[in-house]
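Structures incoming, each one as structure tokens.
Next, two complexes with subunit A in common: one pairs it with subunit B, the other with subunit C.
Presenting the complex of A and B:
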């Protein structure tokens, strides 16, 4: 990359993930949960990461916070986080419990999880839990922290915030708990919000409320959002850019229109075709044959080739395709579109 | 409906008492299901949708008599010339009726006993109803495995050896074991990934054609319900607020709650512009429901009458029933139509 491209990237992006690999050393061998994943999120962007269970989307998010659980290890790549003053920090190089990452985690990068009940402490009041984050990162003054917490609860649409501050998580419904989690994440005015399936456990009308809240907060705080989900509908409604993950790798990456109107990877195509849509008159849904293999000691081959109806025998099953830019900002990892191989060490 | 329905539920109620204190005094009732009526024709799929806490699972469980209804009748046609009222049967009488109706559960990880082989799991209903034993039982289970797309040779394996989609197939095989006429499927695909979900939905449709099954398909995912159902009923706080043929309900809804539900479903197409109705608040508490129409605190068309008077479920256009005071006047938006 030459100097000007580097400068341009720095001016626009908030986080740049390059060749990130996360491996779990388990009894059966090495599980490649995240395998050379690269993407860049621009400031104020709504970036969607989509994939089925076990594809590595959550581990990718955990790496960005340096919260990969044991025995997982980041074994390669970099995660450059661009600070407000223009400096960049490689999060991979930081000590995962040191002061530098703690200044970023929860402060500049905040996260909302899928299950709000297990992310909140049942024995501390909502107010205390909210104030803890504020006092760690924003102000040490208890009075001020209280005011900020109150303001945040009001902002995320919790009625009667003064009374709610003293209540406990079990007093709150699922949707309200998720609002508290969002209030907590937003209280330090993060520049990047990671939302990991925040509406999966919620009903569709409550999901609409939470999506609306996330979109509003994004505009209000000028933050970027990394939205992780398996729901194609949500991606289509709120995201600008999308990366499709399969078996630890990004197989396709592009604008939301590219992915939905001109999907190139056979997996993306099948995923779109197997989603039932209201108003679409098909008697049978397309399916993807077989199941996702476990990414332990897999042969060097395209991860999707065993299930792919378009595979080229003798090509797809003996080499790993590289992620190549086929059209402007539309990347695909597939031999049908480009014969370049990934060099696997 | 012209054909004799295989299932006819009338005035079904299920109340759970709220007890308090040392003497367990009953201080109130949770009206989980409150005056629900529905019909399912032979070979038909009725979709039942609603949010958590709307009572849809309780309806399914009452129909199969996993729960004893508080009130109402459940007329189930178990043979051409025999109709029984499931609500009135004693436990002993139920034993003979149970083979005719079965259930598919939501979670394929918790609904299969990890210490039982597939032969035990799928064969249990056959043993209980004394339909087969020994070699005959084994043959029947092997046949069922093939019907649902699993290897018949895997009979002696345990559930942990199968993936989520395969386990759900085992659940389907078990439900089919006794040759039932009616299957209550309670969120059968909501724990599965998109690609696996499509496989199970196709399987359910194939089996319906092959065995002439009727389904009560309970789900909260409207796109799945739209795909598989012939008719759809929408529940809200223990009551059916709208029931209609699939296309009527999805494209010409007559109840404001149905309209809001439809608008909340994300469309997998970035170019479809639609107005998303954000309902204020949350589903009402069935132990302490609001006055009048239960939906009025969240309804954007609310009028004075809605706070005082409960609307009745009535036929507002042929085959379409809705319980809203203004069902005839309101011009509600349905789901966006898609070109094929």
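Presenting the complex of A and C:
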């Protein structure tokens, strides 16, 4: 395969999120969990989504599967999912419990969750839960489904899969359960895997194993991965592209190389600075002052301006910066780099 | 599994022995004994008591002998002959000094019919409503079921029974007294008698079911609401399972477990019946007999009923435990 064909192939996108907004109507007002978020994931790409707790990463991921919990609602934007044959479907337009989205869920887009301890039903056997998606999407034949499930357990490195099929989640450790969840997600050979902080609840040693497993499976199954984390190290290790989220918005977006070597947004810079590095002795760990505000009825201003040491008074606190392509494929939302405003309705 | 059941049954045996002892102690607690009060009652009626009869009864129950001997005789008579002793009292005119086992057996069918039917009604109504309420939380129907449920829970059963009797009588002229109309009360079983029973049985069933339904709706709703927000439900949804299928397979199934764990309590309730409602509706169930027996210090009768109810509680608990082991793989009793 020559270079240009390879590039064309890589550029073929699998999912295109455009101006996605998800609001939660709560008693205190409207919580803008996801605020006009746009990004595109190419086939076979490892796409990282990074941000602090509560910045909207998980809700973004849930939106892609139309699994946003009540009282959340997708209020705007589109999520175009490109089928293998080239057709595209706007997932936002689908009925969230209808048959069309259900044909995609677990089949073309699969998800691994943060909490392996509660992600599996405690009273159904591992085999039962593993075979369920296979029987729904791949084969109705029970025998075949069993063989596929067995193969998957073996693939994710669970020893003794035949015996393990009949066991229950409480017989498994956290790491093993997460392997089961990955086996389950991979069982229908999805084209996009969403991994929502899959290693956060695990021991550090187990984290590395699970991360390796996801990276391996990505190569083996030729799938795209949306990897959600708050751990910069993981992003640096496995991702191709990364989007930094803050307060429901993407504040910086680019290749991993750009983000790590040339961070432009003050938030990204602080985030990188607050990661301890081996070999560098510092008396204090750098932190970002303040806390993330709750995104309810916020004034029109840059979301980070209250915590930003580089803010321009009279600019950052009265208008919303637009997400602008500063370098080739490197987007940033900050008045320090471009004075263009975003029109907020 | 079998191992657990066998072991639990073996544990049951000493428990049952202990229960029979406690029941016997209850029988012996009031001053005097069966025979002296029997003799006293006959004498007060001016009758001459046959010495031979007294001797025979004394022999039979081991009266006058140490308590332990009496206990063993009571137990032996029960195990060998199914004889639990005799009642002192007269219930109406028909129960005068009848054997306790006869009194209980006479009333058992009616008690069980009412209890089983009302239990089925409670489950059939409460569980679907509970599931609907939980899956449509804060909807109009949810609030409505809570409202009606609380009314059902708040109205005392006996009051509700009186009100229904009055309404039925005022509207149709049919007096609901007991499980059968007068002409069928002592008639042998026939198709007409069954029809007649159906005409009457709905009143106690309705009264008993309203309270039970309200409670069970609340339990089912609360259990299911807990489960609906669990991560495994999202996992199932993320597989592409339809809402209906995932609802029944996962959260509903798991929300049932605490309800199944109380299934054993139904067994004594089925035999015990509801005393107050039975008295008002003139139902020939065991509940009112126990109440009267306790009031009259009719201790063989009261003690025996207590023993039977306690035994059923133990067996019911065993059934619940076995059901839970079978339903929930996390539970193991070893």
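The definition used in the following text is that the second predicted complex is superposed on the first by the 334 of 345 C-alpha atoms of A that agree within 3 Å, B and C clash if a C-alpha of one lies under 4 Å from a C-alpha of the other, contacts with A are read in each partner's own complex, and residues count from 1 in each chain.
In this section, a residue touches a chain if its C-beta (ideal position, glycine included) is under 8 Å from a C-beta of that chain, and two chains touch if they have at least 3 such contacts.
Owing to the predicted nature of the structure, the values given are computational and were not obtained by experimental measurement.
Colleague: Under the superposition described at the top, does placing subunit B and subunit C together on subunit A give a clash or a fit?
Modeller: After superposition on subunit A, which the two structures share, subunit B sits beside subunit C with no clash.
Colleague: Could you tell me if A:207 is touching subunit B, subunit C, both of them or neither one (first, second, both, neither)?
Modeller: Only subunit B is touched by A:207; subunit C is not.
Colleague: Mind telling me which of the two, subunit B or subunit C, contacts the most residues of subunit A?
Modeller: It is B that touches the greater number of subunit A residues.
Colleague: In the overlaid three-chain picture, which partner chain does A:233 touch, first (subunit B) or second (subunit C), both, or neither?
Modeller: A:233 contacts subunit B only, not subunit C.
Colleague: Between subunit B and subunit C, whom does A:43 touch in the aligned arrangement: first, second, both, or neither?
Modeller: After superposing on A, A:43 lies clear of both subunit B and subunit C.
Colleague: Quick check for you: in the superposed arrangement, does A:257 touch first (subunit B), second (subunit C), both or neither?
Modeller: First partner only.
Colleague: Contacts for A:317 in the overlay, against subunit B (first) and subunit C (second): which applies, first, second, both or neither?
Modeller: neither
Colleague: Rounded to whole Å, what minimum CA distance do you find between subunit B and subunit C in the overlaid structures?
Modeller: Nearest C-alpha pair, subunit B versus subunit C: 7 Å apart.
Colleague: By the touch definition above, which subunit A residues appear in both interfaces, subunit B in one complex and subunit C in the other?
Modeller: Shared contact residues on subunit A: none.
Colleague: Going by the contact rule set out above, which residues of subunit C touch subunit A in the complex?
Modeller: 230-232, 234-243, 249-250, 253-254, 257, 327-330
Colleague: Which positions of subunit B touch subunit A when the two form their complex?
Modeller: Counting only subunit B, the residues touching subunit A are 51-52, 163, 165-166, 193-199, 201-202, 205, 220-224, 226-227, 250-251, 260-272, 276-279, 282-283, 335-338, 340.
Colleague: Going by the contact rule at the top, pick out the subunit A residues touching subunit C in the complex.
Modeller: Within the complex, subunit A contacts subunit C at residues 65, 67, 69, 97, 99, 102-107, 110-111, 113, 115, 118-125, 129, 132-133, 136-137, 168, 170, 181, 184.
Colleague: Under the touch definition given earlier, write down the residues of subunit A that touch subunit B in their complex.
Modeller: Those residues of subunit A that touch subunit B are 52-53, 173-176, 203-209, 211-212, 230-237, 256-257, 260-261, 270-272, 274-288, 291.
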